[in-house]
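First the structure, then my questions, so here it is.
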C-alpha cells in the first residue's frame, strides 16, 4: 500500500488553529531553518482512511489468540482506558504545585502500596518506562548500595544463560561485568555453578522465576541465600510474574529488588511496542537510593527525593497514565481476582501443553507454569520444517505465532503463553491448527516453507533490509 | 587463491602472509556458511592494536553477531573497507575477502595447515 | 469482583482432567511451602467496573485542572487535533505487540517507517530510530552512542532541562562515562568554557535548543567548538520550534534528540511521552532501539521489517551498547498523525503562534513589574522574568483563580510559557491580576 507521503498530492489540509490574536513575531533570517519542511498534505478524511488501512494490516489482541511467550498478551480492559482518559489525569501538568495534584500523588501512593504487597517489597518507583529501563534502574540501586558501603570491588552480576537478553545488556549498561552461568535443561539454576561463581566480587544475581522455560525454580531459597551469603543482592526480573501473582512473592523468595512489567502482568496495552511501564520495587535497605522523587506521606502527599538517590532515569515521574490503567486493573481484580489470574494462566498453559504434547516435543515434560517451550528440533531433522515454518503457518488461521527461537538454550523453540483471558474454545482452535500443521509438515514439508499464503506480505527479505538499510522514504524529487 | 598457502585458526579465521611481511586475516568458507548471510562487518581502525586470542571485529547476520579473533598480536596496517558496503563478499568469496592486514606481528597462536584445518572441521561438524 | 477470565467451571474441570491434576492448586506444587506468604494478603476485595470507575473519577477530581496554563519547563499544553486521538485509540494499534511478525504487523511497521521519515525531515538528519522513552533518556542514550575507546567524557550544558541533566548523569553513573557540566553565562551555554574543555577525551557535547530558559542558543558556534576537538555534537530540540528554527543538521549536529510530547501527547502528569532520536548516516548503526526498514517480500512486494537487529540486546546481550528493547510505538504514531494533520504549514503556524504570544505576554508582564531577565536574547515560547513579590506567592494566588502561572525558579525568578492555547484575553487577565498583586505587594 502507499505511504502517507505518496498519498499527499498537495493543497489538502485541515483547519486546526485560530488566527493569531496578537502581533505576529518574526525572527531574523539567520535563526530560521533553510531546508523546507516536507510533510504530507492531506484532508482529515484521507488521514483517517490511511490509518484505518494500516490498522487492517495490524494484528492486535482483539483480533485473535496471541500466545506470545514471555510477553503476556492478555486482554486489555476498557475501563482502564476510560480511567486513563479522565481529564483530571490527562490535563495535569507534571510541575503543578503539590496541593493541586493530590489525586495523582494518591494514585501513585496507592499503586505503590498495592504492588509492594503483591511483590513483598517495601518501596517502589514508577519512573522506569519499561522492563529494561527497570532492570537498569534496579541494577543501579545495587551498585549504589555496595558503593555507599565503601565496597567498590563488587563488579559482577551473575546471569543464567537462559535469561532474557536484556538482563546481560542492562548489567553492562550499569557498568557491571556479566558472569553467565549454565542452566540445566529445565532452565533452572545449576547450584554448583552458582556456588563457584559467587565471591567477593559478586554484586548480585538476576533471575526470572518462573524461568524462561516456564518452570518454577524449586531451589529458589537456596539460590538467593547463596548470593546473600556471598554479600550480593538478588534481582527479580518480573517478566514472568503473571504465573505467580497473588500466589507467591519475590520478596519472600529472597529477592531484594524487582521490576514489574505493567504492560504484561497488569493488563496495560502493549501499543505496538510501548508505552509500557517498568516500576522497580525494593526492600528497605535500598530505598534511600531510589530515583527521585518518590511520594511521601499519607495525605496530604508530597514529593521528596531520597537521600542517596541514584538520580533520575527519565524526566518527571514515569508513564503515569499507564500506572493509572494498572491501578484500575488491580482494584477491579482485588485479592481474589489477582491470584485467580495466575491460576487460570497456569491452567491454560498446562492444558495447551498437555494437548500439544501428543504431537510435539516439549523442551521439558510435565507440568509448567504460565508458559511452555516446544522443541521442534526433531521435526526439523525429519521433515526440514522449522519452528519458523510452523509459526508462519499459524498466521493463515488468524493465530499470532508464539515467541520463536527463545530461550536460546532450546533449539527450534516455540514458546507458548495463552494467558488467563483466552477461552477454552479459542485454545482448542489453536491446538487444532497446531495439529493440522504438524500433519502437513509430515505430508508435504516443501509447501510449509511457503507459508503464510493469506498475509499481505510473505517472508520479507531481512538480509537485504539489513545490508542496505532504507530507513526513510525519499521522493524522487528530493 | 591457493588454500594450501594459508594457515588456519580453531576459531575459523584464515591467515595469509603477504610479501611485505604483513598478515591478512579473513573468515573461512566453513565459518561463513555457519554464519549465514552476513549483513554487516564491524572493523577496527587503522593503527589499532590487536592481540592474539582477542576479538578484533565482529560480523553480523540478521539474527546473530559473532566475534572474529586475531591469531596474532600486532598493529592494524589496513582494513578492507570494501566490506563495509558489501559484507556479502565474505559469503561470496571468503578467501578473497580479507578483513584486516596486521603489521609488526609479535606473539602468535598456534596455527593449522590446510590439511589440519580440514580434519579439524570434519571432527567438529 | 471484576474478572476477565472466560473459563467456566465445567471447562475448568475438563482442562484439569486433560492435564491430569485434581485442582488448580496442584498446578503450583513446585512452589515450596516455605516460600509462600504467611497470613492474609493485604489487598482490597475486587470491585465492579462501576465502582472502580467511580473511584478513579474521585481520584481524578482531587487534581486541579487549570483553565489557563502558563507553565512549560519540559511539558507543554498544546492543542491536540481530534484525528490524533481517534487514530491512536484504534484497538489494533493499542493492543498489538512489537512488530516482530512482519506479516501481520505491516500496519505498525509502516507507521514507524513514516514516523522515522518525518523525524528525519523535521531534524534534517539522515536516520531515525522508532523512538525511545522520552527526551531525557534520549539525550542519555545519545551520549552513550558517542563513546569510543579514547573518548569517555560527556559535556552537558547547564542550560538544559534539569531532569535531562540528571538523567544523563545517572546513565553516566551506570556506564562509567565522565560527566562534565558546562556552566551557563547570562542564561546561555558558556561557549568559551565548552571550547576550552573540549579535548581528545571528549565524546560529545549536549545542548538544548531552545534552552531551559527559552533562549535560542548559538548552536552553530557550540557545535564547531566540540567538533574542533573531534567530539560529537548532540542537540536536544523542541519539535514545535523545529518547524521554523534552523535544523540541528544546519547547526552541525551529529545527533538530534528531543521529547515528542508537544506533538499530540497530553500533559498526563509527565507521561507517557516519547523521545525521538536521529543521526547522521555514519552513526546509523550506533543508534539504540528499534528501527524499521523497507524491503521486499518473496513475491517482490514492498514491505517493512524491524532491521539492523544485531545492534540490539536480544542478540548482542552484554555487548549491546543499550539495553532498550521497546519503543514508545503508540506515542510515535501519535506524533506522526499530529504532523500529518498539521502539515508543514500548520506546524509553522503553531510555532509562530507560540512565539508571538510569548512575546506579547513578556511585554505585558513587564508592565506589571515582572521584568525580563535575559532582555536582549532571542527566545522562543518561554522566558524568565523577575518577580517583585515572592514567586511562590504568585503561584499560590493564581492557583486560586484557576491559572497555572509560570514555574518559580527562585524566589525572584519565574519561567513563563505560552502556546497557541493562550488567548490574548487570558494573557490580559493574567497581566491584570499580576499588576494588582504588585501594587498591593502580594495577595489578590
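Labels for the chains are A, B and C, by order of writing; each one numbers its residues from 1.
Quick note on the criterion: a contact is a pair of C-beta atoms (placed from the backbone, for glycine too) under 8 Å apart; a residue touches a chain by one contact, two chains touch by 3 or more.
The structure displayed is predicted, hence computed values, not measured ones.
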Checklist entry - Centre of all protein Cα atoms: which chain's centre is nearest to it? => result A
Next on the checklist: Of the pairs A-C and A-B, which shows more C-beta pairs in contact?
Outcome noted: A-C
Checklist entry - Roughly how many whole angstrom separate the Cα centroids of subunit B and subunit C? => result 44
Checklist entry - Distance from the CA centroid of subunit A to that of subunit C, rounded to the nearest Å? => result 20
Checklist outcome for this item: Note: subunit B sits from subunit A at a C-alpha centroid distance in Å of 38
Checklist entry - Where in subunit B do residues touch two or more other chains at once? => result 39-40, 60-63
Checklist outcome for this item: Residues in subunit C with touches to at least two other chains are numbered 308-310, 315-316, 319
Checklist entry - Which subunit A residues reach two or more other chains? => result 462, 466
Item to check | Of all residues in subunit B, those that touch subunit A in their complex | outcome: 37, 39-40, 60-63, 87-88
Item to check | Contact set on subunit C toward subunit B in their complex | outcome: 285, 308-310, 315-316, 319
Checklist entry - Can you list the residues on subunit A that touch subunit B in the complex? => result 405, 462-463, 466-467
